[in-house]
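One structure coming up, written as structure tokens, with questions to follow.
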């Protein structure tokens, strides 16, 4: 199954990559045990690679009003709307791990409105989806509604910006026909005790 | 996690059900090791229960030009379009088992166009989705195109009818807010040898 | 006009049909004076035929909080949305007869929001159309709103289930390109006294 | 049934209307046996009334490559798409009369793709619907395709212009909640011999 | 740039036009300094030309509750939705002049919800767009809401009718591929004092 | 007019910004004569600011198969689809300057299909819009079609990636309700000789 190409576009050899990009990739491999294909597919364009992961880490690795699991919920919900296999499968895995919940990613990918989330998380995803589908309709009233639910200015920016970043990311993955690594499918589905 | 209600509507006790329905349910439990919630949720209406499962078995358990795995592909693809958690999760499990492929269901649920399927299966799902989304546009040309790909009259009926049946099924599951059993999430994801 | 084929798929001879199906058809003919083409077109698949009409009768012939005329309103409104000639023409006729109103079916088929119906019937059709178009958005709030309008749990199930059944039925009629009988067009349009 | 208001906006008394408009209305009444409500509803604005009917007659009463029946097909098909009860019911009646066919209007209103029309008429309606739904996509290729089917420049303008005029007319009828006269529902449905 | 054809259909010579139409066109030229291409393109059909401009003037040149600038806002907002280059560019120019505001047209064409307009004007455009996109959903509640914002019956008719007229106009411009005059692009963008 | 807020979110003072960001902004001001508001609005988040402009420059300032003007066409066409006032107005100005054409931006913003562009540029924008609207449908056939038109692998990536980047950018501008600078509206509209 792993012989399938991971991108419709050229995928550079690790050895031919700029030093900083190779190091980034090796560090991810060290930490995760494998290299997620997004790193290899985007390495085709080193400058865009650097910008993408800088943007990604600024929004996804950040502490703040939203937990890291909630940030992944936004990714999975908007990526499912955009029908992006790579992002749903890869970030579905991360969501399962972050939330220690083997079901949430599949629920959110199918229909976040009925997933096992809190009403506040439902409102967060409603807002993220509105940014994803019809950002031109985001009004001051929407912002006010979010504030009344306890989201800070920074939280609202984060929710909208994560939705916006994956609007880009989903389109790049669909453009390149990026293939998720086999590893992602099972990650976080089985309790750690009995692997 | 399993304390969550399985339907927004009343769910009858097994003991209060008509004999034939109770037996159907017990037979499923015997075979699968658990009772899929769709049996309990629809038992609220015995006559509709009998009609639904008769319809289901007539289309899904049948031999014919389409394999059982291909029938499940149609269910997963159209149910994902209709954002039906129950059907995507439950039939995703059956698809993994039928095709002995732990990745296919997640791929098809996200974007069947890029799933690891044959061109013929891709055409089958294109047709099924057209029936699901805009059946009023199905023309003689569509039927001819399918015949040229080698689908028989009976195959074409099957593809369209499965798509139509799950148009019903997805709406019932969304109407009742039917909850997938916990068991489905992991079924078919791990090779039999090393459970 | 009646020489046109009634289905894109094979239509069996009455004599070649299983006994129970032939009897069902003859009984309908006896009662209605003609055989609606849906019986002939679906007889191509006896098991599906039995399941379909069992489902249909369980929902449409039932007594309950909704009148039989109201059930037909749901069929006409959702079938018009799905652009199903057979169901709009055939059930439009039944609606005219049930409601003794020669105009209602044409109004509901064009735009139920402005038809001569009660506000409660308008709410019923709004709910039915939501199940038909975007059942994934049906929330507990929708159910609550219906209850506040006086619809019982059973009524709500009926409305949703009729909408779901005709989601199937419309797709089968469009798949087979089912042709309405000439008789339906005029049925219920002329007061009984002066035919 | 006829007590229902024919417009959400004021409907002037015949006696208070400008002379030319009153005469137009009386002439229609003389010819048709009743005054179609569109004349009364639009008389609320005499200048717009004059412009509307001048436009209407220039396109609908014209001789040319399209028969008068075909012009009505365009009206019924686009008005059904715009869910305009008045136009579907009133022009459905005119279509039945023009084509001496009691079924065509109901078929075209439900799904023109499967109506009893010629392939050339199907292409005519495809073009009309494209003008109605997404005129910004009309390209030189569309025009060429129509010419190859034998439509002249003038025919193509007529088809597009009728679709455009009823884009206006449907919106005015929906804005005013214009009610079709009772007479329209049965017109053209019964052979002349036995009225 | 001006060598490009102004219509896909024949454009008559001024000398070959009926007297009244030639005079209308010359009067416009006298007043504006050039002949807007819509006059030449529609002159292909003298009767429709007369009806169109009679309709146009009845709604756009009128005094009333809406200012002339507000009427142009409706034209620009609905024409942008219909992706009509001619109407956006030509009426954008008129809007800039009427409102003495060089930015408003570009804002409204992109996203009227965020343009520099009053809340009342925003409500006016919401209503106009609803007529343009889904007039079948206009209900008595919509009319009531407008009345509560201070719009009179006549204002509401005007808003809806302008939206309806440009539903026609946009489709004619797209059908004919009507080209805006070069003059429109800069009109109203530069303060009079320092041209 | 310039008193209006440029973002719904906090806009930092230049003096409070990190050194590198302040320098970037001052350099832009030096070059353009004013500071485009996007620099101030995004400076609210320094890390995202750096990533965004790095991404932007990597794609927009690059030499390659697409001219800089063509890159701006992609921005204007996709931003118009996303109804982003900031991007349409600001990049419309840049497009006018790059192409030395005062009309092209308004045409592309209204309906790129009818703008004064080459067939190759039309195909480029069709592809960009497909990435913007339904990237999940991008298939190998689409890529092949582009190659046959002479676009290289790198060109295709550029087109898709610019569309993807502005999917992000449009959503950020709509989220923050970013206001275009007054300067943009007139830029590139008047020939250099007579400023």
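We just call them A, B, C, D, E and F in the order they show up, numbering each chain from 1.
The rule we apply is simple: a residue touches a chain if its C-beta (ideal position, glycine included) is under 8 Å from a C-beta of that chain, and two chains touch if they have at least 3 such contacts.
This one's a predicted model, so the numbers in the text were calculated from it and none came from an experiment.
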Any chain that touches chain E and chain C: A, D
Set of chains whose contacts include both chain E and chain D: C, F
Which of A-B and A-C has more C-beta pairs touching across its chains: A-B
Most distant chain from chain D, judged by the mean position of its C-alpha atoms: A
Copies chain F and chain E - interface residue numbers shared by over half, same or different: same
Chain centre separation in whole Å, for chain F relative to chain C (CA means): 52
Whole-Å gap separating chain B and chain C, where each centre is the average of the chain's CA atoms: 24
Overlap residues in chain B, where contacts from two or more other chains coincide: 83-84, 111, 114, 136, 174, 177
In contact (per the touch rule at the top): chain pairs: A-B, A-C, A-E, A-F, B-C, B-D, B-F, C-D, C-E, D-E, D-F, E-F
List of chain E residues in touch with chain F within their complex: 1, 4, 80, 83-85, 88-89, 92, 102-103, 106-107, 109-111, 114-116, 174, 177, 182, 185-186, 189-190
Residue ranges of chain A touching chain F (in the complex, touch as defined): 8-10, 44-45, 47-48, 50-52, 54-55, 58-59, 82-84, 131-132, 135-136, 138, 140, 143, 153, 157, 160-161, 163-165, 167-172, 174-177
In the complex, chain F residues that touch chain D: 111, 113-114
Residue ranges of chain D touching chain F (in the complex, touch as defined): 136-137, 139
